[in-house]
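Two complexes come next, and they have one chain in common, chain A, joined by chain B in the first and chain C in the second.
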Partner chain A sequence: MKGLIYKELFLGKKTYLGLLAVALGLAILGILVSLGIRYGNIQDMAADEVTRMFYIFVYATYGIILFTVVEGFFAIERDKVAGWRRLEYTMPITAKKQIGAWYLTSGILLVVSFLLGLINGGVMALMFRRTLTATMFKNMVIILLLAMVLFLVGMPQYQGFSFRAVTYIYTAIMMVVGMIFSISLNMEEGILWEIYNYVWKNAGRFFDGFLYLSPLIMPALFAVSFFLSVKAYQRREK
Partner chain B sequence: MSNFENAIEVRDLTVKYDGFTLDHVSFDVAKGSIMGFIGQNGAGKTTTIKAILNIIKRNEGTIKMFGLDNIRDEMAIKEQISAVFDELPYHDQLSAKNLNIIMKHIYRDWDGAVFKEYLERMSLPERKKIADFSRGMKMKLQIAVALSHNAKLLIMDEATSGLDPVVRNECLDMFMEYLQNEEHSILMSSHITSDLEKVCDSVTFIHKGKLLVTGYKDEILENHGVIKCKKSEYKDMDPGDYISARLSDFGASVMVKDRALCNSKYSGLAMDGTTLEEIMLYYVNAGKKEWS
Partner chain C sequence: MLGLLYKDLCVMKTWIRSLAIWCGLFIIAATCIPFSKIQVLQDANCYALVPGLVVIYAMLYLGAFYGQYVVIDEKRRWSGFVTSTPVGYKQQVLSKYFFTLVSGWLVVVAVMIGEILGGLIPGTVKGASQTAVTVFYLLMLYQAIDYPFSFRYSSKNGAKVRCVLMILLFYVFMIYILFGNVPDTYELFDYFTKLAAGEVQLPLYVQYMGVFLPYVTMLIFYLSYKLSCRWYLKGVENYEA
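Our next item is the complex of A and B:
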């Protein structure tokens, strides 16, 4: 499996560096904005606005976690395009090893991006003079778990769908999540606000439940996803 | 594993697709030999190779490699074989140096020093991305990888097709060198029969999923011959003696499969030797018996 992990690392190098650059770029932007609030021409920003700004910079980095999932799908697509899989069937590599390599490299990438987000959150808290609350941390964990769910559901599915179809589905999910997030930041009192609050409160309950059940859900989902991916991989060419 | 006589034993291999059937194909690749696998495009060469490599499922038959079952003992077999395809199956973003690291952790017997020797010998850059390689360089790289993990069997599917004659000859020289070790064997599919004629010990010829001829190349060339005669003389020949006849304004060229028998039976007619390419042509038209 080590050889396959090396392969993924060589091939994913650009993506990893890209994600690191985006995280770094966001952190630098956050630092500049916070310096602007403290010493620059936006010193008159209201406390609420500063808090909102703090949230944006903390959660934006966490958006990266969700995009790391795509790298897992990219890995399969790269192999298909290169014709690697045909060669791989001639090598002493079991399906479990190949699938294991994909899951492991994606897992490492998810954890690294989570840690990057956490470091960024700490830096932002320091710069914006706000506290990284337990709720914020909980939300970060929920984002990580959601990314894991998308990956675990997507991997076996991907064996049956084309890369384009998966990308469209994924982009649609991301757009809906992004829209909800941006609406929540700019919403005024009114009927929309009440609907949003209602949905959010219930979604919050759902995510809380999901978080508490995750020690049970995630291993089960992992086992099923891994099993299905191995089965899909074992299907030979038609 | 060292007591096997045949590197590959295919028995009654049947694979059914929509509109195509590989029909009870049987042949052996003897240890220490190189077998040419000949046939037109779509004859079933790649299907046979894929079945041998267990890339596709077969409907019937057995395949043994080094005396082991190709499905039950798949992992043990795959440590001992290398496959070379017509298209490079490596990612463009990788370099030869990356491949060295990857393969070191995939094959137990990977020899990095041998791989580097091949790279030097073939003038392949170690750090350049594969995307920047020419087709010839890509093929050489594939062969370098295939020969660097002490594989006992090399399986090549149209590997030399599309290469210029100079690179093709370099590749053929390397295969001959590889065969210096009598434990090593090669199964080489190609429709460039001149290459196969140059290097092969034995030949298997399939057409439309059916095996037509298999055996030692020299015997096949020795047994087959072309009788050049008048059309009227050809008409007097026993259809059981020949494969097919090519008719032209100048007369008939008739491919016979038992040269010794036909030499005595048709002693008045001139008999020429033949090539694998000619044999392939006449067999392909065997259904029609007469063609021009």
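Our next item is the complex of A and C:
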């Protein structure tokens, strides 16, 4: 198992380092902006605007780091292309072990991303002279859980079907939903507009509920996702 | 060299076709915009910026085209083959430079035709050709710097270096914006719209730079060609098989 995790980390290092570099670049930009607010040309920026900037640099950087979860999907395709499965047959590696290694690697990466996000949040709070509140911490946890849900839902699908097919289907769905919503938002009427308004107004409540139920939802989702992934992996084997 | 140019035309025909379509669209747009009922285009200040933006877009497309144009011949086998023929690698490099220059000029000519046709209709704002010529020389200057590195280190590695340089430039720009002596944004926008409409003149030193720009560009272009010839065979080692 240790070797498999090492393999995943080694092969994905370019993606991880690339994402880390982008996040670092954004963090440096945040520090520059905060210095600009203190000593530079944007000293007259309103307090609300400064707070908004602080939120942008905390959440955007965190979001970029969390993209490491997508690397798990690439890993499956990379192994398919490289013909890893043939080599795997000569080793004492079961489907459960292989899938477990992917889940564990992504879990480790998500935890590391969360910690890096917290460090970035602390630095930004220091630079922008704002407080990293309990609400912000809660939001970061919710974003982490949503990234986990994305991973757990996507993993069996990427195992079962080709990378291109799943990506195309999701992109198409997102584009259609985005188009329908943007049209309804522009019209400012109709059932979609009401749904959007309802979701927007109750988003906080929904996410809070999700957070409180996550100790129940996440293990169940993990078990289902793991089971389906192993089945899909074995089905492809046949 | 004619054979090499013909080969490039055949390989890059999709790009050339889309570039030709774009040039045709510009000519049509230049003649149609004065009749447009879009309110933004009827505003004189905004309309003054349109030719400049269109030209910059064309040149950006051309820049992407050049990036792809060098990549097509980055094969170790092809480089070895062309070096062994009587044409030689110098003609290969020359064909790339020649094609770059000619395709850039063709876009400038298309912009000029568009402006002449647009100029027949009263109310058209002029200035696209002037901007196109300036941007053309700047683009050639950029290509003159870019090509030797692409030939020496391959486009892939050259792009990495370019990416790092762009990021550094972005940070320098941000530091200047945040801490430098920057004029007010509205004043700057106002100045550029007036400049595009021909209401104000550029500072004298910029005008002098404009006069020398073609000569400097052509000189650097020639030196770049010489450097590319010298580095071509060394760079072959970095190409894919």
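Throughout what follows, the second predicted complex is superposed on the first by the 199 of 238 C-alpha atoms of A that agree within 3 Å, B and C clash if a C-alpha of one lies under 4 Å from a C-alpha of the other, contacts with A are read in each partner's own complex, and residues count from 1 in each chain.
To be clear about the criterion, a residue touches a chain if its C-beta (ideal position, glycine included) is under 8 Å from a C-beta of that chain, and two chains touch if they have at least 3 such contacts.
Remember, it's a predicted structure, so these values are computed and weren't measured experimentally.
**Q** Once both complexes are superposed via chain A, do chain B and chain C end up clashing or fitting?
**A** On the superposed model, which is not a single observed complex, chain B and chain C fit side by side.
**Q** Please indicate which partner A:L11 is in contact with in the superposed arrangement: first for chain B, second for chain C, both, or neither.
**A** First partner only.
**Q** Just to be sure I read the superposition right, which of the two partners does A:L35 touch: chain B = first, chain C = second, or both, or neither?
**A** second
**Q** Between chain B (first) and chain C (second), which, if any, makes contact with A:G25: first, second, both or neither?
**A** The answer is second: A:G25 touches chain C but not chain B.
**Q** Between chain B and chain C, point out the one touching more chain A residues.
**A** Touching more of chain A: B.
**Q** Nearest approach of chain B to chain C by C-alpha atoms in the superposition, in Å, rounded to an integer.
**A** 10
**Q** Residue overlap on chain A between the chain B contact set and the chain C contact set?
**A** none
**Q** Of all residues in chain A, which touch chain B in the complex?
**A** Of all residues in chain A, those touching chain B are 2-4, 6-7, 10-11, 14, 78-79, 82-84, 86-87, 89-94, 236-238.
**Q** Show which residues of chain B lie in contact with chain A when the two form their complex.
**A** Within the complex, chain B contacts chain A at residues 17, 50, 53-57, 75, 78-79, 81-83, 85, 87-94, 98, 101-108, 155.
**Q** Using the touch definition up top, name the residues of chain A that touch chain C in the complex.
**A** For chain A paired with chain C, touching residues are 25, 28-29, 32-33, 35-36, 39-42.
**Q** Under the touch definition given earlier, write down the residues of chain C that touch chain A in their complex.
**A** Going through chain C, the ones touching chain A are 167, 171, 174-175, 177-180, 182.
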